[in-house]
Amino acid sequence: MTKVETVLGSMNGMNGLSRGNTFIRHLDPRAMLITAMAFIVVVTSFGKYDILGLLPLVIYPVSLMALGNVSFRSIGKKLVYVSPFAIVIGIFNPLFDNQILVQIGDVGISGGWVSFGAIMIKFVLTVSVALILVALSGFEEICHALVKLKVPKVFVSQLLFMHRYIYVMADEASRMVRAHTLRSFKRRGMKISVFCSIISQLLLRTLDRAHRIHTAMVSRGFAGEIPVMHGLKAAPGDVAFVLLWSAFFVLARLYNLPQWLGFFVMEGLT
Amino acid sequence: MSHHIVEAHDLEYTYPDGTRALYGVSFRITHGESVGLVGANGAGKSTLLQHLSGCLFPVSGTVHIGDFPLTKRNVDDVRRHVGMIFQDPDDQLFMPSVFEDVAFGPLNLGMPPQEVEKRVMDALAVVGATHLANRPPYKISGGEKRAVAIATVLSMAPDILVLDEPSSGLDPRSRRQLIDLLKAFTHTKIIATHDLDLVMDLCERTMVISSGRIVADGPTMEIFSDETLLTDNHLEKPLRMQGV
Amino acid sequence: MHMADALITPVVGGTMWAVTASLTVYCAHKVKEDLDERKVPLMGVLGAFIFAAQMINFTIPATGSSGHLGGGMILAILLGPHAAFLVMASILTVQALFFADGGLLALGCNIFNLGFFPCFLAYPFIYRKIAGDDPTKARLITGATLASIIALQLGAFGVVLETIASNISELPFSTFVLLMQPIHLAIGIVEGLVTAAVITFVWNARPEILRMAHERITGDFSMKKVLAGLAIVAVLTGGIFSWFASAHPDGLEWAMFHTSGAEELEPGANAAYEVLAGVQEKTAFMPDYGFRETASGGDEGEEAEESWPAVNAGTTTAGLVGGFLTLLLAGLIGFTLKHIGRTRETITGA
């Protein structure tokens, strides 16, 4: 399997991954989108060294995954795959910030490690929510939500059109790559010159295809703007979803919930 | 009734890069006729078909659809009556879902949403693809794509169907389903294809095109019995006629 | 080069979002004005093409590492700056949504870094100036390569600035710059050469395509307009930071540091607050803020010690207990919800 095919497969799999019979499926995509953005904003607003405060927010992605029947494994795999980006930058923190900030018994933990930990937690939270968004709502629905949220139609129709043809183009690309691999034997990887050649052919075919699609569109009356028919209607449940979760996020941001929970439990125990 | 007539008169066409494609093509197809268009690769089949829906305009000569000569000004009106189905269904299914693709034509024609919905569901029912309505086009099989591509055109209620290689890439069963479907249509049909057995099943009349010229135009059986004509045009007898 | 949400703050992310959103609206408007309806399918499939092309890796000679195409320059040459920007934005959006390649909050930054610089700076002011309307092969190669290099350098620098401004990473400015710029110089050279090769190929095979592209692009790009745009961006970013620092100290506090339940200013908080207060005195936010030339030591040490109460690493006993219980609770909630969902399904027989 070429890399292209693997990537395609995972895209296909993630799009509207859960079509389970849960109420999440009927949730207005605008509600999902707004809540997700609120979540990300709140998570990224936490201080550099604030690990504890972040923890309650785990409940959001976990609940969504559970309700929407999204497999933890699929999200987890993607998280691991993208983690190098955050790790590579974040790992400098322990290198540059050596001041011991925290003592657990005899062990001193530097500020750098604390902030690195915070970065990784933020990473897990923000990335999983972004992935869950598409998995639960589906890309097309999100695009409809964008139109309703006043994003320029030209841009949204570009998103939809491009997405539709990614599979086609990637399919063509993967065929060429496969043909190359089958004739490459011991040589690993692709020379730049070969790459340029493959890409150029692909580009030419793309341009031809664009022309043919245009012909097809025009023969069905296309005059410049793609007609849209969908009407999204927000239900009270959707509004409640956004408000309740946002309230929870703000609460978690303003008050150190785990600390309270800890105090509470310890009071109870003693 | 008369807008079912398709007439070409001395069509000439040259591509922008200078290659001449059509040299004085003339024919007249009447209401309800089913005509096959066969010929070697590069003979000009696709080019000719594109002239019939106003995708290309001749350098000289005229095309008449019904009573109207096809000009750049009345192209939109004419397109309501001519439904063109392309060789690669991926080129024709460009909306996020099957439903939206089939709705594209009627919406562009300015129909109200309820009417559009009815047309879409009717068209999908005719081709047997109702269950695919909410699927994205990249998630359906080749045969299903063909069926949906036909639906995208049917929803505009054309009088004339123009098809470019409709059976290529189809497995035998899908192909048979396609032939049965097309047989049931009473539209005027013009089918460009290499599939000579399909032509035998569907078209009582056949035109042979070679290097931009119509070299034969007559009853299908006659054409397919003329071995010299067939060989000259990179063709063979239909499979079912071979070995006789 | 795609930035992750975990490394930026809402202020930085939000500012760049505002900038990018305005740019997007502007470009959408411009694209709509262009009456050529062939661009709709063209933009779509070219976006898909670049997306697919990015998935193919090639080996960079002499390093053995693999690289992949960026594509901004090719898009700009074939589509013109406004359409190319939209296409780049759409590619990055899909990457963020499907692969988490770049965060959703950081999407504004990423679109700006990877879209604005190639489309609105490198393309009109370098490629077009060198290659002109009817380029010779040499000019095409030079123009494409130089434009790609500069676009990537600017983009990489953008990443540095945005990360430093967020102050979540400890990387000092100089180190970060020394890391990013050379790498992206190499990438830029490769990208430029690939772009040149591809465009040359298209030029030879279908000259009319490039001719149409060049014609379509009415270059109404004046240096003044772009400088004005950049000035607006600088004022906007500097302004938002100042606003945060001065007008809404509470808001700043809320955003930057919080201790267990208390809302009073902690000593540690003061240090950072003063830094930002210093920012509002300067018009640009670049010189002082966050540019630590040395590793944390000296002044930093004092700050760190003072901000010790502001650290929420959860190491008090209550914190540890609470933290552990929170996670347990989250797991429980998840498990319960999943189980409920399942039983509901079986009950409804679905």
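Note that the chains are named A, B and C in the order they appear, and that numbering of residues resets to 1 at the start of each chain.
Here is the rule we go by: a contact is a pair of C-beta atoms (placed from the backbone, for glycine too) under 8 Å apart; a residue touches a chain by one contact, two chains touch by 3 or more.
Computed from a prediction, not measured in an experiment: that's the story for all the values here.
When each chain is reduced to the mean of its CA atoms, the one lying nearest the mean of all protein CA atoms is A. Of all chain pairs in this entry, the one linked by the most C-beta contacts is A-C. Using mean Cα coordinates as chain centres, the one most removed from chain A is B. Between chain A and chain B the centroid-to-centroid distance comes to 43 Å (mean Cα coordinates, whole Å).
In terms of their C-alpha centroids, the spacing between chain B and chain C amounts to 48 Å. Averaged C-alpha coordinates give centres for chain A and chain C that are 15 Å from one another. Looking at chain A, one finds that residues 161, 163-165, 168, 209, 213, 217-218, 222-223, 226 touch two or more other chains. Along chain C, residues 41, 44 each make contact with two or more other chains. Residue positions 94 of chain B are each in touch with at least two other chains. Across the complex, chain B meets chain A through its residues 50, 53-55, 76, 79-80, 82, 84, 86, 88, 90-92, 94-97, 100, 103-105, 107-109, 113, 116, 136-139, 152-153, 156.
Remark: chain C residues 2, 4-10, 13-14, 24-25, 28-29, 31-32, 35, 37-38, 40-49, 51-53, 55-61, 66, 69, 74, 86-87, 89-91, 93-94, 96-101, 103-105, 163, 167-172, 175, 190, 193-194, 197-198, 201-202, 205-206, 209, 254-261, 295-297, 300-301, 304-305, 307-308, 310-323, 325-327, 329-331, 333-338, 341, 344-345, 348, 350 touch chain A in the complex. Those residues of chain A that touch chain B in the shared complex are 12, 140, 143, 160-161, 163-165, 167-168, 209, 212-213, 215-223, 226-227, 229.
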